[in-house]
Amino acid sequence: MRNNNRQNNEKREVNFKLDVNIHAEGAVLVSFGQTKVICTASVDDKAPPFLRGENKGWVTAEYAMLPRATNVRNVRESIRGKLSGRTMEIQRLVGRALRSVVDLTKLGERSIIIDCDVIQADGGTRTASITGGFVALKLAVNKLIEEGIISENPIKEYLAAISVGVCDGETILDLEYEEDSKAEVDMNIVMTEKGNFVEIQGTGEETTFTDEQLFEMLAYAKKGINELIRQQKEVLGE
Amino acid sequence: MRNNNRQNNEKREVNFKLDVNIHAEGAVLVSFGQTKVICTASVDDKAPPFLRGENKGWVTAEYAMLPRATNVRNVRESIRGKLSGRTMEIQRLVGRALRSVVDLTKLGERSIIIDCDVIQADGGTRTASITGGFVALKLAVNKLIEEGIISENPIKEYLAAISVGVCDGETILDLEYEEDSKAEVDMNIVMTEKGNFVEIQGTGEETTFTDEQLFEMLAYAKKGINELIRQQKEVLGE
Amino acid sequence: MRNNNRQNNEKREVNFKLDVNIHAEGAVLVSFGQTKVICTASVDDKAPPFLRGENKGWVTAEYAMLPRATNVRNVRESIRGKLSGRTMEIQRLVGRALRSVVDLTKLGERSIIIDCDVIQADGGTRTASITGGFVALKLAVNKLIEEGIISENPIKEYLAAISVGVCDGETILDLEYEEDSKAEVDMNIVMTEKGNFVEIQGTGEETTFTDEQLFEMLAYAKKGINELIRQQKEVLGE
Amino acid sequence: MRNNNRQNNEKREVNFKLDVNIHAEGAVLVSFGQTKVICTASVDDKAPPFLRGENKGWVTAEYAMLPRATNVRNVRESIRGKLSGRTMEIQRLVGRALRSVVDLTKLGERSIIIDCDVIQADGGTRTASITGGFVALKLAVNKLIEEGIISENPIKEYLAAISVGVCDGETILDLEYEEDSKAEVDMNIVMTEKGNFVEIQGTGEETTFTDEQLFEMLAYAKKGINELIRQQKEVLGE
Amino acid sequence: MRNNNRQNNEKREVNFKLDVNIHAEGAVLVSFGQTKVICTASVDDKAPPFLRGENKGWVTAEYAMLPRATNVRNVRESIRGKLSGRTMEIQRLVGRALRSVVDLTKLGERSIIIDCDVIQADGGTRTASITGGFVALKLAVNKLIEEGIISENPIKEYLAAISVGVCDGETILDLEYEEDSKAEVDMNIVMTEKGNFVEIQGTGEETTFTDEQLFEMLAYAKKGINELIRQQKEVLGE
Amino acid sequence: MRNNNRQNNEKREVNFKLDVNIHAEGAVLVSFGQTKVICTASVDDKAPPFLRGENKGWVTAEYAMLPRATNVRNVRESIRGKLSGRTMEIQRLVGRALRSVVDLTKLGERSIIIDCDVIQADGGTRTASITGGFVALKLAVNKLIEEGIISENPIKEYLAAISVGVCDGETILDLEYEEDSKAEVDMNIVMTEKGNFVEIQGTGEETTFTDEQLFEMLAYAKKGINELIRQQKEVLGE
């Protein structure tokens, strides 16, 4: 049996807390069970150098964990002097996912940086970052529209992410750390409200998986993402 | 007039929130007004290399700010690839201050790392880090004692820190960012419950200050630190 | 029409050239069309530190491109002083993929490092690296067996990788750079000879994709990987 | 008894040797006993980026020690690849102190960089750096005035620094390394010729200090700084 | 006796393979026996910053070895995060040597970067890099002339390099790794087709050498370089 | 005419000042005209890791310039975060040269580090570093012998270095910066008291040189090195 009597296709309790930062253009503290991530959106009035003069904007993301977000304390990446491969992989994923639902030309020549800082980790920090990051992004975009800085909504549709995996031969949704650490297969899915895929990343470390397992994982993920998008809309008042 | 009708010798509303981390041996979210810092204490069962075999322990601190803790977003130090001089100065100060009230031989051959991560900044992040860091340290030490890992309390007395400065010619206590950025003199004081100094760091950038100003600043700081220590004791149930 | 009159589900001409290095325990120059990668396997008689004393081995990979492997010259990562996120992502993927078909306990306390150096790039360097890296790994393992250093074959089954994508609305197999750079969806699949998945990484940058597109891409990839594994067996004399 | 029969409130023999560099706009070899620091002032015709267009200049400092300036050889920071926290703290202090007596608008849009390189260390290298750095700065400013590059003297008053501490319970002035390494309290004071404070940095590592000790240290420092400023004026021919 | 019955003044079999890269403006795979280096020339339409506006161009070189180019695998410099002293020394030498025969004003405001990547090493990688680098440079220059981008040939004369040394008291030409590793004296000579020196670098590690040995080494080198230049001309069709 | 009426084969005034450091095992301030280098020798009681257990020692060197040693201030390498190619080339040369006259087995399992810090530069800093470094090394070795730590003198013979070049078509000895910066050929020669070569490094940047020029340069260097060794012996009291 899973913790808190969760069904295999049942996600953890998810919560979005707004108004957690007086400075940022958008901010939310998202929690997937004990995983807690502060997501802020910062608007910069310049496009990145590679887009200058192209009359479009950019959305990017950065990801980090506080040293004691995890059970064993991690050395800070600022002290190591470089980002780990894991951090780079995650922040590239978050940025790419968010850009997939943004019409960058409607954003104008500006950048929105989504910072995802994991305050406490218990599995699924990257899917929480994408899901919370979308909320922070939406808040910042709403602000740009309200202030008349942009006229058209650049966000094409809602987007969320969830993890799914195979653990002791069973397909399960939204893995906690304890499940994740012993899973045979670990997959992260990013989908839009229309049910289309943005990203599928499935890995069998030291093992493989079948078509059937893949399809079941996709079905669980779809269910979870629908629920997440419903909650995002609720907290954003739509 | 200061914000919130504060008197010159009146500190901001200070709050300590416990139970903010399921992993750390001690954790507190300290707020001095809008300045919010998560302080965690992590116990490591090894002394640092330079103390091996000396039968004593160590207390050290690390300090960082989330990129959007400030009004203008900061580039992460992990991306710059190195700590700024400011960060190093602050974390050396926090560690040194905390060690001044710890009997390191009573700690045994172990290290306690105090992580001070600024979630939101509005002036006084280093004094909040010391004041909150002490609470996290005390919680971790209490746990070590409860679990029978150490037998004697290594903490000699309570300790807190506060900033004081001269702004428009007036001495004021516990500066907000807006005050800090225009202050003629900026001073940070660390004191113990017995009223002794641990650290005095006073600076006149592009100006100087007199004996009289120094003495008034010391008096204000003493008052503020007494109040902070009273609050620390309260939240720690003493 | 695709270059060289390729069908949508047809991979490029793939070639494995052995005996390209007098020093390495295994070496192959793999080419997928104009993409050319030197893969060497180096056996190190120590397991990595995190496995010491666990009586098992490790397989890892490193990836790099010569500066002029691409049409526009790239600055060397040694001069930048750090690996890019892209490099880290790829080499983590290659290592993880190869480990999925190795019984690490049968390898004993040793490491095999697969170096994948792209001599010339034209799309699909990561899938060529996995596919060629497997051949280098197999050669090194054969050598260890021949020399009596290990007694049982630690390689559980063959493995190869191929890219698949959606370009101008059509699903295509094994994308060249020109196709890759304008593809709506880009997916890399790693599979074993039994037809199981090891890794699925599908991304729609600035777009999304449907279930139907996913299934067609998976089918194309399966076909391509079967052909690659047939070629691997041929060149390895099985 | 202190070395060389020094009284507790007596500084070491201090010497300023001019004309030690044919290239620099200002240069002095300052010695506080066996502590020897080469201070050079380099004028750069640009203000730093953060001041461009503000019609004012900047004074900054850098600090380093030769590897064998100390009894045990230190690894070079160029080889470590980064500055230590100690170095950054010191060079920030030196720059800040010197700026406090400079009217930056009278300097015009240019920078003066004070390099403090410790040739031999025996305690008090930061106070020697400030005291000698002031002389190098004054020489460079004199040259700018003589050459008609600036018309008004931007230096508002003389400035010097000295260390003071508590050692075996006694307050002492200008600590040698041997005294410094066992001191209970270590304090560095920067003052101007009018007797105002620029910087007070007092620290009790693993201990605390009282109001009385603070006041005695301040009195000793005042005496020492008066003497240093008299010597600076003499060597500069005022 | 030397390997392959080589005489003391006989170089190894040297080969130049053209058309090894579809992207570069010039490319050659040069082999000196088992030493194999890919040399590519990349034309950049900008002069380096220190030459901007001087109406002349620049030629520079970069050098690297694949990790398993050597018998024992080397850690990548991209992972170490910095170039070794050896790499810097070699690439500075290669660039300087090539520039000595180029009239940089005839090149116009552009840069040519010669990348020398050692695929397999067996001694003499720096002399192979210079000798092959010249061929790549010449190919790129020919292309610039053919395309009418430059009108006059900036290459003043041919140039090649070879190693020479003293091993067991005998002077030998073009040392293999095995000879190099036990040589008493190691010397690299760069000469032009007119028989003039460009660079002489002779070193006795843990030993010294006499005038007579120097003169014999120079004579052997001259012979070898003449042969190399004859081969360069042949492969370049002159 | 050269500065100070120097003849073409005449070196600058050279001076060795001993007793310039109270901490180091050997120390000298060497000056070649306006070029001034502090050379210290530090004895470390461990051999470097690659020699452990081989019953022999090591001699190595490090080289740096103070930022204002030159006419235009240089950025510190500690701030750049890495050594330049030039620095690495020089310190490798200095170490290699000094080792050539040391019997490392007679040194025992210890290291001697020669630090060459250029206080003021006017051409020839690397030859001054070798020549002064030898004196520091000899002083440290003498001390080891006096203290009975080693019994036999590991220094086989004296050694010095000097630069020579071709400037406006004339061969000249010991180039000042002004000569060096316009020289057609620049050569550094390291020789022993017996007149044997340790190192020859001759370079024609953007030009070439003939046999005749080479021989004249070697003759001038020999003369200069003989004179330097005579001075070394004098200052060392032999």
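As written, the chains take the letters A, B, C, D, E and F, and residue 1 is the first residue of each chain.
We take it that contacts are C-beta pairs under 8 Å (C-beta built on N, C-alpha and C of every residue); 3 or more make two chains touch, one makes a residue touch a chain.
As the structure is a prediction and not an experimental result, all values here were calculated from the model.
Visitor: Touching both chain D and chain E: give me those chains, sorted by label.
Guide: Expected: F.
Visitor: So the centre of each chain is just the mean of its C-alpha atoms; given that, what is the distance between chain C and chain E in Å?
Guide: Centre separation, chain C to chain E: 33 Å.
Visitor: I'd like the Å distance between the centres of chain B and chain D, where a centre is the mean of that chain's Cα atoms.
Guide: 28
Visitor: Between chain C and chain D, what is the gap in Å from one C-alpha centre to the other?
Guide: Here chain C and chain D have centroids separated by 59 Å.
Visitor: Show the residues in chain E shared as contacts by 2 or more other chains, in ascending order.
Guide: 81-83
Visitor: When the cyclic arrangement of chains is written out from chain C toward chain E, what order is obtained?
Guide: Sequence of chains in the ring starting at chain C, next chain E: C, E, F, D, B, A.
Visitor: In their shared complex, at which residues does chain C touch chain A?
Guide: Within the complex, chain C touches chain A at residues 82-85, 88-89, 91-92, 96, 99-101, 104, 187, 191-192, 194, 196-211, 214, 218.
Visitor: Contact residues on chain F for chain D in the complex?
Guide: Within the complex, chain F contacts chain D at residues 21-24, 27, 34, 38, 40, 42, 44, 62, 64, 66-71, 73, 76-83, 87, 113, 115, 117, 119-120, 122.
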